[in-house]
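Please find the structures below.
In the two complexes that follow, chain A is the common piece, with chain B as its partner first and chain C second.
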Partner chain A sequence: MKLDTSGLETTMPVIGFGSNSEMLDGFSSVPSFDLPRTTDFDGFQKKAVEMVKPAKGTTTLAFIFKEGVMVAADSRASMGGYISSQSVKKIIEINPYMLGTMAGGAADCQFWHRNLGIKCRLHELANKRRISVSGASKLLANMLYSYRGMGLSVGTMIAGWDETGPGLYYVDNEGGRLKGDRFSVGSGSPYAYGVLDSGYKFDMSVEEASELARRSIYHATFRDGASGGVASVYHVGPQGWKKLSGDDVGELHYHYYPVTPVTAEHVMEEAAE
Partner chain B sequence: MARYDRAITVFSPDGHLFQVEYALEAVRKGNAAVGVRGADTVVLAVEKKSTPKLQDSRSARKIVSLDNHIALACAGLKADARVLINKARIECQSHRLTLEDPVTVEYITRYIAGLQQKYTQSGGVRPFGLSTLIVGFDPYSRLPSLYQTDPSGTFSAWKANATGRNSNSIREFLEKNYKESSGQETIKLAIRALLEVVESGGKNIEVAVMTREETGLRQLEEAEIDAIVAEIEAEKAAAEAAKKGPPKET
Partner chain C sequence: MSIFEYNGSAVVAMVGKNCFAIASDRRLGVQLQTIATDFQRISKIHDHLFIGLSGLATDVQTLYQRLVFRHKLYQLREERDMKPETFASLVSAILYEKRFGPFLCQPVIAGLGDDNKPFICTMDSIGAKELAKDFVVSGTASESLYGACEAMFKPDMEAEELFETISQALLSSVDRDCLSGWGGHVYVVTPNEVKERILKGRMD
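Moving on, here comes the complex of A and B:
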């Protein structure tokens, strides 16, 4: 895929501080920096970030229900059309009662979740009580906000159980932070939302909710090329998180859509003729 | 010894920080303050030296709130108190912003004590000349707390404590008479303790109460305080009479 660099090409001379300084003979130049040579200066930064931003090729989801929070994700990592790994851990264990999901740059997500884990532990030690899910997600959001525009790619959900009950927050690299009951993040999220939203009920049991989560991830991996591998499902309850299942989505396909055996005679007849 | 009290960053040969000790002297000269922690009520009572007639007493409040659920009283240099209180109030809001939760009493006490300690280990500054009594209820758990800090920057939790003028005698009284209490009993205990060293009467005492159910600090009206003081006097008189009564027969 050829990158579109038209936004960086010179179309007309720049109007501004920088290049006029040589025309002011004998005058000391005003401190300045190079402005991008473009007609659309406001859109320039956005275009530049879009160019380098890796697409968030993944499917992750999380939802709150009666028994706590259900968190699920696929495990495929892709670089363009190349599947670089089928076994990536996209659900990160921040501490025994909080989980984070990974979408976007793998290194960014892993590093910042680990960093958040450190901050949460320090908070516990200083204050002799666990940090709340809203507090932890706010720490992460503020940290990502301070790196805004520098090319971080993080689309994560922080799920946990604290004093006020189950908590779920969506945090991204723009520094945005949303509280909610149901989220899905990644290129496969539209497909996952379809299955999740139509099957969701607050009063589900843990088994029903985990089946819904697994099915949503499966359907997203079926249609989205950037999602696949293993569908992992975690449950966060009052005692902390627990991994419920990790099923290969290829096998899940045949579990949902079993192949009916065709009688062999038909095939042989066609081949003979 | 005179050589070691100019810059507080210096220890004396026998391990004293004289500026901190002098700050404690300033506290001992300040007005008496009492704090009592009950099961569902926390009370702060402070001695009010006679208000000049022309002064607007509302501007000279000695018990202030740091947030909806935390209150503070202090003994010592009032100007230093203003600085510490403003910083603490900002910290309470900053905590609400970054952690989306109100502070616990222990957290804000630790912050204030930390500030007081910083000024005992910096160049060119003197310690804050005040000890504080901090009361409040923790968010969610709603457990009551009473903490005290002093100019050295140490802090600890108490069931009841006093600071300022004659604090030793008040503390002795509290040790003898403290028992687990709630509601009006807690308020009475605090006022009784303060009356040990302060002239009796509503205009010499400032009392503020915080309960688990209500939000905010409630400053008691002078009339209310007078009523409680009268109750206490009556109880005292009855106790005296009971002591003197029976053996009078010869």
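Moving on, here comes the complex of A and C:
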């Protein structure tokens, strides 16, 4: 029986950078991007990286518990100090049983998650079974590693349910890939970790876990300027993912900390004569 | 982010019919982290004169203390309150004294002058006065504030309508700024009374 070594084949295009690869069919090689024609390639790359470098202004979190994986994120997109949108979808549905979270460059995360979804589907068709979370995250990590140093900004978590149960991996643009039970990514992550770590128990019901996730995102949006908007909470169970809630954090604040009306004392000023 | 955006702020003042309103946000932050949600940016100089300071928080507090000191001396010597126009000139002079090491704040001055005529003006950090007949803005959310005020302002509004307008303009502008917001503080001043109100805003 011939060993299937297709997994070991290099994903770098063999023909050479920047050349026309229309002769190959679209997906058997990695998408090859045109590279700029410039004399100072290193300097150009540095400047491009600086220009694209967003500060990963966001809060996303995911954790594994008894009933599966809970995934939550805010929905604010910021450009420096300006809020460009309060309604960004940061939890990306890769396929019906796997979710990815977005932190860093929106374009980068959207493109590479969609690309991952394509690869997962191809794996299913080729192998007649679903890809594992471990395998999917490895595909993404290897892809990002091959673009290391070129200014991609991706801090994502891949959460899913496969034959071995719930799976959660953190993958970033440096090519790092970590397996774990609890992660939070983004500028609001320290605040989310504070609430998440102190409230976490493995034996939680789905309601308790979703309330913990929602609260952690809310606290991060309160303290972090670059997080806000709507706190979305998803649950990944054996049947796949399901969106549990999407609450506006402005309203959540007054829900958790209602304002008690205080009678103010009007200061009556003497009419100036 | 520049030094003016270190703490984050939003201040706006509007003119109405024989009254004025001055409003600010309440956030004190250190770049993206929020430290406090009850920071005082608007201060009373006397019953018909208020100053709102945006920019670096330490300079906001120090400059306010210096101005109160100067005004109290003036009150002792002249036995009366300072007119808003005079006070604006005083602030402008104090800021220009530090031309080559400036206070990193932009003041918004609002007051009722002779015949209860409302007076507003703003300045850059080295004292360039900008008088306006309708509204003045300052802070990290200033561009959004310009747009909101321009759209919502009408001349000769009464005190209640002025309060609604300035509150809506402030809240909608700070909702587009990461560094300001977390509530609002509004003073509406008529010849007979000063109404101070705290706004419930988005806390994100």
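The rule is simple: the second predicted complex is superposed on the first by the 210 of 273 C-alpha atoms of A that agree within 3 Å, B and C clash if a C-alpha of one lies under 4 Å from a C-alpha of the other, contacts with A are read in each partner's own complex, and residues count from 1 in each chain.
Definition applied: a contact is a pair of C-beta atoms (placed from the backbone, for glycine too) under 8 Å apart; a residue touches a chain by one contact, two chains touch by 3 or more.
The structure displayed is predicted, hence computed values, not measured ones.
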| item | value |
| --- | --- |
| Which of chain B and chain C A:N127 touches, first, second, both or neither | first |
| Partner chain(s) touched by A:R76 [first = chain B, second = chain C, both, neither] | second |
| First (chain B), second (chain C), both or neither touched by A:N142 | first |
| Which of chain B and chain C A:G57 touches, first, second, both or neither | second |
| Which superposed partner A:G229 touches (first chain B, second chain C, both, neither) | second |
| Partner chain in contact with A:F33 - chain B first, chain C second, else both or neither | neither |
| Of chain C and chain B, partner touching more chain A residues | C |
| Doubly contacted residues of chain A, that is, touched by chain B and again by chain C | none |
| Chain A - residues contacting chain B, complex | 127-129, 131-132, 134-135, 138-139, 142, 163-164 |
| Chain C contact footprint on chain A (complex, rising order) | 57, 74, 76, 78, 80-83, 86, 187, 221-229, 249-250, 253-254, 259, 264, 266-269, 271-272 |
| List of chain C residues in touch with chain A within their complex | 1, 5, 8, 29, 31-34, 47-48, 140, 175-179, 191-196, 200-204 |
| Complex contacts: residues of chain B adjacent to chain A | 98-101, 104, 106-107, 140 |
